[in-house]
């Protein structure tokens, strides 16, 4: 709605420049449009808003002038432009929401850079990591999603206006002027492409879907980690429903909702893709039906991010999980036997396996095994250093310092990664603010743009784009 | 397969640098791996190739050394790396295929910059355009697809190696060295993220889907334009099946296949998305099932592009279509009445409509109407210029020159757009060649990399990445 | 909402029978529920309505009695039951809508049993059929959809009540009594299955999708048949948008909308399937999210049916289409040469093809060819009967009578098929009325059911289901 | 392939009956077709097999007779018929596979009718059930899937033959004869519908999808129940991969594969639906592309069923799970307080909740609470019976006998349900055998069918369908 009015304002200025309408008519039209803009509410029913605007304006300025609003444009280019105006703002908002989510993850991670947590594969505890490492991993996928949002933004922020129904128009409309007035960074140049292409919608739906799937993984993890049997995370009471009769039972309601809602994104993408599949060239009314999917996916994704964002700061790992994690040390023990004792790697594997099996059968803890037990099993004397290292590996809080690779779960790596990511988030937020400010400035300018009324005789030849616009002062 | 061997080669070099294995073992391993690499065939069964490589190598170098191939890595990081190596090449190929397709469209367009063609909306002829304009519009959507391919490439071309099972490893593996040896432009840094994330697969599937949908629109258009009733395009005999009994009937087989195959891309995306939905963190075997979808979508898309590419050069508009297009001139006639005669725009619309209706009822052509007919209907005398302009609008070949906006169907615009796009395609192809050459150089280097055998005492402290690699000469 | 109140009413009666509450409490609860039922509106927010009902009732009867409403049941079985109650009615309505649509198709067909129409393959005119034949073909797919609706109905119309949270309950609830009171035709027996299974929703979504795809084919046909180039059908003005400026152009808006809306059904199915995929056993809140998809698909499908239903009676083939259809006679001409002249079939094919080609090149009509032309081409004298038959084949109105197979486009077959289908629709409608009457009777009875207040000492042993219910008189 | 040959055989017999070919030619054709049938392999490349058959036969019998094989039929009806012949057999096999799976579930259940198992909601243990109850719940969803298979079978098992290209044919082909010879139970009557409709494919894909989702739930449960933290089920070693180094870790590989493969069914459905969406009437080559999806979904589903079937007999609950389940007794304790002590239900809830909380805080077991503890909390003396009942509720093995409702987890209910389902499976298997025998008999008859060679003068008038067929004896 608001977008469509803006499109009309910019178009009026271009019509005046093209001398398709005179200055006085242009001014009246602008005034009527701005009056209308103040009365109305945002975003909805795009495809029907056009007639409405023309009618309202006509009521204001008379049918003679009002009718000229339609010169050199069509519902087709107007709809495409209005969607892009609204969508580019939504994309910036989405980017900001994702950066805020990333911040939530990083803030939580900062409190848990030394908090031991089991790393799972195949839903089985495999190796000790830190909770921070887990959170950064998930954050990194969010950062890639955010990157895609920004890349799509640059394809969205192009102007179709001036394409009219599909072929362009014989009025001398300055398309670049309109684009600039509306804050676009260029044209969707070919007029047929400009009115028929909706790949930017599909791309956005796909980004929403990918992001939602990343969130669904976090939701699934939280549900699993907080279930009574696994008991790694404590759900905050506000974000879980308890039964009055079963106070030990906390249902992870918002995460279940997030999990379900993220599936909706797949369906929205599928619907849009099936709609566009084998649709003939040119504008077809089918296109109208995919726009609501766009807003739906964006709204749903926003609510999913909000649910997670609200929960994260209150999410805490249960203390002492390391007691249950002893067997996740086996990989490192085999590494030690290979490195310190020169035992061939595959054999070190086999030995460790045998030891674990024995401990399981005797219902013993590995850390309760004596040096003799190890030596008997390995069939050789062990260095003292080896035993020390094994002891360290079995102590989860020290274990994690053994990791030496870049990006590993070693707390020193975590500290570095955290600070780099915090910096990245800050710079991305600044970039967004800059872009938003530019857009706002363009539209602000447009909102106050007046046409020169001077009887500038040389107008036709010397006018440049900038001269058409000035602050009302 | 080939990718996995390369990954192992690079890993061996990193193991040697980390002194996890000695130089002599490293050399034997490299030799065995290269021997294996020459015997084998490409791309398939990734997830099972790992054991096979280790076994073949072990048969060659003995279990003592062979077993050490597995130090500090895991199937998890290896699979992710191998997929990325193969995929980045596929993406460059896809980019090239799309650029070739764009060239086909542009070449055909060059022959038809003045060929009048009806522009459709709602499957109804709406305004005259040129066939070139139609082709450029479709090409522009292909160019956006190509842009997405390249953006995804930069996310794909990162190295997960050194992440081991999920947490990193206690061996001092230089991840950046491996990345460099394998031609990657950086790391998937967080080790858990590195082994679990498959968003790059989903992103690729989405790009394949969007591209396929763009192709499906062209296919649908060709089917429609070449059907007996519409008869705008002549299908080349080689790309249509004719019945021996109905020689007038040409079935647009390849375009029907393209249309159907493009739907498969939607399903592949859906499958991958549903697989990743709510999958818990860490490596799960489910991930193995989405990789084949990736190769399937890429292969299918390639075959769709090929079908279109083969057909395009032989596709020709039927002559004299402009005879049937008279009514598509009405928008421009209304424009003329408004511009030349100062008739209010909406009224110009109504007048034109009335004239068309009359002509239809009298089964007359608009161009057969006399000046008096026009003047009677409009209820005023018309300027001679107006009548001339109307005459020009009714002559489709001159009509198209009336369009004045940038990106419109005016042949002058088309000429400019064509030359700009040809230039763009050239520069994109050059960029791809450069990237491919870099990748090839990295891998070539890796293939011939040997380790210093000098007993360089200062090795541990001074080694730098480059010193590890030298040409065999 | 209404459904949930009904469920509560039936449950109260079962609680009384189980002596879990006394008669007086039961009566008060029933009264409160019925009062509530009169104040409220239908269908929505199922999952939250439960607390609301309990609270409203408690406000009416006090917390002592109100609290007992929850005995022996759970939100889980209640939700599943309420959805099934609403859905079974929707399914009957859907069946009726489909039967009405079939009637529209049949009624239109009755007017066109002799109206020649081209039968297409590969979007190319292939053989003459009648418009009625085309309509019956589409109707037959609708009839299969309707059959699936009824089959699904029998799986939907089962009662989960008495399953409580998932395990059943220790209160002696008579599940069959509740089922009977609510008009169900049996139980979803296993209590865990009863509360967790949503396959009936997925089945319904699939039926909606298949039906919508059948409708989308009709919509696509109408768009194609009514486009200016093909011009086989005349769209009624009310169901197409015309531009004031291009009166010859009729945009098939509702059919484009139908086409797009039908794609939504695919996405709804995908969403529900992805939500249910790999969801663990038992009730999960995710289930709540798929119910709205169900109502959305049913509503959208209904609107699609309505759009088609409104348009069909006013849809008319353009006259004289047979003039353009001559070449569709070739198959039959080959048949004639084979049958009447004993020319081998494949050769008859070749000959006909040659003739058509010649005619095309000479821009002649087949019917303008002389006997000599035929004989020269076939290289033999032809019987007079052959020439007569060929003449008949070239006259489309007589051509269609040549078809001899059951179910063919011969008007005699059409007449028979029409009358059989009309009868079938009638009997299906009667069956639905019967089922609806039964459901209405059950619920009517429930709405007026009161409990015996007599101090029947033998109650516990002799009570039977029927004795619990009597009319309020 | 085999199906297409059968179709040709039946068609030859109908051609002979229609006197479109003479007996001697018919015999030669039959002989050639049967010879061909013995040389060839099954199911694949349907759409291309037609030409191949005609060519092979022609090589055998000469082009004169060979060419007549094509009389009165088309690739269009032939393809549709061949798919239906293959598919109906696949559906019967699928039905049998599902019944076998149900048997596996029931057999396992029989061993565990008294094995206590936690019933989950929201992935939290909620109430005690038996493992058998869990298994029956999942089996019941499988039984509904099987029911759908059979219902679809009856729509699939109809004959399109005799519809030729789309309009029927002027040869007097007895469609019902062909249907009968091929074992169909009727016709797809309308000839256009017969060759264009593929809703039976979509329906089958949907059934495969729904079934796969039911299996995915079981897979997800097994993965969760067998993970180290939950430890309710012991995975058999053959159906899990263990790491040599982590013997305590069992990766549920086949269940992860099943989970992933089931997602593929969603995608296959989506692809087919998107392909059929808005496809115009008549045969289009697109239809060819959805048939492979059908075989893929059926094959994949079969392999999923097989994976589960192999695992189930070796799946065992870990002993003593009841020790960890105490808190799942709370619902029943509240029931007892309400029933035995007349405490209002909602208050009974609150009291129990308070007790549980207290026990949790004091790290006590509920069963360690003394009578005084209960009475203090409830603030009243309790009957001895109450305490006994509470004690019983806290003993999981006795708890489950408290359930009184039909279909509940009470072992007596389980016994009954098991025996009823076993009976049902038997009768369904018998029904399938009967159907398969009938089909086999039809095809056997067809395979040996010869044409009467007697110069039966009264042939034309008195021939009935049966007389055309006789055993070769």
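Should a chain be cited, it is by its letter among A, B, C and D, assigned in written order, with residues numbered from 1 in that chain.
Heads up, the rule we're going with is that a contact is a pair of C-beta atoms (placed from the backbone, for glycine too) under 8 Å apart; a residue touches a chain by one contact, two chains touch by 3 or more.
Source: prediction; values computed, not measured.
> Starting at chain A, how many touching-chain steps does it take at least to reach chain C?
Tracing touching chains, the least step count from chain A to chain C comes to 1.
> Tell me which has more C-beta contacts between its two chains, A-D or B-D.
Between the two chain pairs, A-D has more contacting C-beta pairs.
> State, to the nearest whole Å, the distance from the C-alpha centre of chain B to the C-alpha centre of chain D.
39
> How far is the middle of chain A from the middle of chain B, if each middle is the mean of its Cα atoms, in Å?
23
> Can you list the chain D residues in contact with two or more other chains?
Each of 121-123, 126, 224, 251, 253, 256, 259, 263, 266, 269-270, 273-274, 277-278, 284-285, 331, 346 in chain D touches at least two other chains.
> Going by the contact rule set out above, which residues of chain C touch chain A in the complex?
Interface residues on chain C, with respect to chain A: 251, 253, 256-257, 259-261, 263-264, 266-272, 274-275, 284-290, 293.
> Show which residues of chain C lie in contact with chain B when the two form their complex.
121-126, 223-224, 227-231, 243-253, 256, 270, 273-274, 277-278, 324, 327, 330-331, 334, 346, 349-350, 352-353, 356-357, 360
> Going by the contact rule set out above, which residues of chain B touch chain A in the complex?
20, 63-64, 67-68, 70-72, 76, 119-123, 126-129, 133-134, 136-138, 140-141, 144-145, 147-148, 151, 155, 162-173, 175-176, 187-194, 196-197, 199, 202-203, 206, 209-210, 213-214, 216-217, 219-221, 224, 259, 262-263, 266, 269-270, 273-274, 276-285, 331-332, 335-336, 338-339, 344-347, 402-410, 413, 417
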